[in-house]
Structures are given as C-alpha cells and as structure tokens.
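Below, chain A partners chain B and then partners chain C, in two separate complexes.
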Partner chain A sequence: MDKTLTILLNRGPFVSEYADLAVKMALKAREKGHNVNLYCYVDGVWAPHVKAEKPYENVGRLLREALDKGVNVKMCARCADARDVSSQDTIEGIPQVGLFDFIDWMKESDKVVTFTG
Partner chain B sequence: MLGEDLEVRFLPLYSPEAEALGAELAPALVVNRRKLVEGVPSVEEIKEALEKARPIRLGIILTKAPQGSEDAENALLAGLAALEVGDEASLFLLSDGVWAARKEAMAGKLPAFMSKGGEVCVSGEHMRAAGLPPEKLVEQAQVANDAFDQLVDLVMDQWDRVMVF
Partner chain C sequence: MAEDIKQPAETDEECADCVVDVAALKARREAQGERENTWSALIMLTRGTYGHWDDAFSAVQVGNAVLAVEEAATMLLVGDGVYFAVKGQDPSGIGLANNTNYILDFLDLGGRMLVLGTSLEKRGLSLDDLLEGVDVITPARMASEVAQHNASVTF
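Presenting the complex of A and B:
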C-alpha cells in the first residue's frame, strides 16, 4: 500500500475527544502502511503542548508514539504564537510551519479527514 | 464507455420529469436523476458531465450525539441526498456518534436510511465506553469491533469521498 492520508485537527485535547480520534486514526493508518500526515491547526496546537510524561492516558503519549512510527506531524505557527505555545513547550519533532504546508499535504494526499468539531 | 449503473436520458422540454428537475431548456441531459446540462450540449460537455455523474461511494463520519446539535440530522440528510441521486452512502458512527444508532434515536430515520441502501457502522470501542450494548442498536447496524482498523480501510480503500460531522 502506498496511499497518503492527511488529518486536520482543529480542536484541543481536553474538551472533546477529537485530538484522541485524530491521533488514533493516524496511528492505525500508519500501522497499516499508509503515509500519514497530521496537521494541528487552531486549538489543535494544544495537543503537542501535552509534553511531559503522565501516569495516565494522554494525547501527548499517543503523539510521541505516532512520531516514533513515522507519522508526519506539523503545527500552525500563527496559531501557536497566538496561544503563546513556543517550540520549547511542545513535543520534539513537530515543527511550527505555515498553512501552505497543509495545502501541500492536501494536494499530495489520497484522502483528507478533518476533525474540526 | 458508460458503466452499466448509469441511466442516461435526454428529457424533452415540458415533460413532467424535466419540470420536476427545474430544466427550462431542451433537451436536458439527465444521469441518474441528476440534471447535468440544459440545452444542446457539446460532445466535450457530455463527456465531462458523465464523468461528474459517475456514482461515488460517500463515507460520512458522525462524531456527535443526535441531541445538542443538528450535526447528526445533517449527516443523515447528506447520506440520503447521496442515495437519492444514485450514489452509495455509508455512515460511520464514532465517539458520541454511537448514540445515533439507538433504536429510540432520531425518530426512525436511521432504519429509513438503511432501507434505501445506506450502510451504518458503529464503533464498538465507543459503544463500550458509552455503555451501549448491541441489543439497543437499530437492526442491521454493523458493529466495528476494531473501529479505527475498519475506519482506515473504509477511508483509504472503499470510500471515494469522506465527510466528517
């Protein structure tokens, strides 16, 4: 299989389940051999902000697992700046980029799934 | 060139069907009850229109309960609209969307969707989280025990288009 899936996450991890849904879907698609991109947009930038290890299930742990398995994760630089989310505060390996990166991902993807609430 | 599942017709002006579809110029090219071109089309227009009219498999992911927002209703309406024009439609109930599959939910609209050919798949993981046992679901709803596994296969290999509500 050589298909590409891009997932857009627009929601933070604490009010709804969308961050978990997005990362779990990304992980499963990656396990199945697809190329997977995850773009954290708007409040989605709060997901990479869950950085420290915790003794309970959390989206940060899922994100690190996704990165380890080769999911490409990026976040919107403007959205991060607006929320004072700096690179030091977020999980390593998730660059802050412009929205054009998401547009490029969409153009090269077979499927795009949006978790926007 | 045409698939066997395409019903291509030219409707004459003033015919009841042309009027029902709002066609005001003759002839109207209609594929699977979807009005494509009015007036006399060029060969290129016909080819382009047929390509657009090819039936698709629409996947709809619903992540919200029927109460509290219109999203469940809208997801179902999108599915019904797709079935109406000859497309295939599947509804995948994820997260709080599983509540839409309860027998009492949505005034029986889900069985109506299925009786028109729509498929309904319910995330087993989220049913268990919600304490919703299979016997409380509408009949013919399929339970996806490994929800994300099945969802990824549907999104990547089965569905042509995906909408998320």
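Presenting the complex of A and C:
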C-alpha cells in the first residue's frame, strides 16, 4: 500500500550533504511508489535557488528530477523573503507557501523526516 | 475557526500565515471550551537560541502553527536547545530579539515545553533557571514522549 512521506529540509546546499540526501531520499521513496512531500524551510529555501545547469552534481538537478517524478516540493515564504529568494530565482514548480501547508503535510503523512544539522 | 487564521499564501506576495497570529489564536482559544486533540506533533530543538536564532524561532513557529489547527504540540529542548527556555534572557546587546515572548505564547496556547534534564545539568543549569511552565524530564521519559506523538521534527 502506498504511504506518504514528508521531508523537512532545514539546510542549504553545498555547505553540507543534507539537501542532496533529502532529495535523494525523496526520489528513492517515489521509486518505491510512495507519495512524497518535500518542504524547504529555514536555509533549505536555498536549495531551489540552484537553478542553472552545472557541470557537477548539484541539488538543483536532483530537485528537477524529483518534480518530474511527482515529488511535491514547496518552500517557506517567510524564509524565502528573509533571504531575498524570489520565485524568479528558483526552480519552476516550487511555490512559496505559508507554514500551514507543512502542517497539513505532517498530518497526512505516515512518516516525517527532518534534515537539519 | 482555523480558516480565519489559515490563509493561503501567494507566491512572492506578502505571506499572511508565515508567522502565526498569536493574538487571534488566543482570542479564539478563550472563546472555546475544553477540547480533545486527536493528533500531536513533537518539535525537538537541539540548537542554542542566539547564533542559531532562526532555528529556534522556526521551531516555535511550527509549534504555534500546530496549535492553530486545533492539534497538540510539544517542544522538547535537548543539547544546547535547553538555553531556549532560560529565564532572564537579554540579547539586546547583540541586536537580537528576545525569544521569551514566543515561548510564553506557545505555553499560553496550550503547548507543552519539556527540557531534557541531563542536557540541563551538563550546562550547569537547573529547573530554577527556566521559565515558569517548563518541565524537566528524564531520558526515559523523552523516549516515551517521542513514541506518544504522531510526528516529530527536529531543529
């Protein structure tokens, strides 16, 4: 039976592996047929900011793959505003939303996993 | 109702529900009688309050948002997170806002705040150093608290 996994990402890319691991977990869970939500919170809003193609492994490429495979991705609007992360600067298909979207995801999930550090 | 406070946020527009409207919540709670929660969230804070300010602030915002949708929330402070509940905080000298009001709001709204005793002791602190309404728990109790909640997140 399909289950729902929600992943909370609190950290940005490159300075640690958390962002990559969060999206890789999302992809693996989708591969197994589960519903997956990924909420970028606090410094996690920097992950969708990795928008351009790069000649090396990066979280932006992973996020685009995740969106293509049906992972639901949203980011915290307050956190984005505080960091001047605008929707024009981020990967298309990742809306800036309020915290209640994450609370709704938590409530409908079988498991919630946090990537922080 | 929760919908009065829970407004959808449009992309790049001012976000009405990004910071929980505690005053509106308190007014609604006062108008309500006793209620039973069917779902609960545990929010674990492992970071010191100032210097990792957005972690602490964001953690308590999650707690208040859970309370806003009529569910139960517990904050569990472990490691350096215990500093979050210390009374008499005054970070004005370093230009940061005091967290105390956020904690008092969380407690007023019916949230529970627990501190791991061993983390507290290792930092030379005790229950007397904490804000009123905060409880100190053992590691065994911490395990049972984690098990009792439907979901947990960590900051």
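Methods note: the second predicted complex is superposed on the first by the 117 of 117 C-alpha atoms of A that agree within 3 Å, B and C clash if a C-alpha of one lies under 4 Å from a C-alpha of the other, contacts with A are read in each partner's own complex, and residues count from 1 in each chain.
Everything that follows uses one rule, which is that contacts are C-beta pairs under 8 Å (C-beta built on N, C-alpha and C of every residue); 3 or more make two chains touch, one makes a residue touch a chain.
Just so you know, these numbers come straight off a predicted model, no measurement behind them.
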| item | value |
| --- | --- |
| When chain B and chain C are modelled together on chain A, clash or fit | fit |
| Partner chain in contact with A:Thr114 - chain B first, chain C second, else both or neither | both |
| Which of chain B and chain C A:Met25 touches, first, second, both or neither | first |
| Dominant contact partner of chain A by residue count, chain C or chain B | C |
| First (chain B), second (chain C), both or neither touched by A:Ser86 | second |
| Chain B versus chain C as contact partner of A:Tyr41, first or second or both or neither | second |
| First (chain B), second (chain C), both or neither touched by A:Leu67 | neither |
| Angle at chain A between chain B and chain C, C-alpha centres, nearest 10 degrees | 60 |
| Touched partner set for A:Leu99, first chain B, second chain C, both or neither | second |
| Touched partner set for A:Cys76, first chain B, second chain C, both or neither | second |
| Chain B versus chain C - smallest C-alpha distance in the overlay, whole Å | 6 |
| Chain A positions touched by chain B in one structure and by chain C in the second | 111-112, 114, 116 |
| Touching residues (chain side chain A, partner chain B) in the complex | 1, 3, 5, 17-18, 21, 24-25, 27-29, 32, 34, 110-116 |
| Chain A-facing residues of chain B, complex | 61, 63, 94-96, 148-149, 151-153, 155-157, 159, 162, 164 |
| Interface residues, chain C side, partner chain A - complex | 6-9, 11-12, 15-20, 39, 41, 46, 54-55, 58, 61-62, 65-66, 68-69, 71, 150-155 |
| Residue ranges of chain A in contact with chain C within the complex | 8, 10, 41-43, 76-79, 81-82, 86-87, 95-100, 102-103, 106-107, 109, 111-112, 114, 116 |
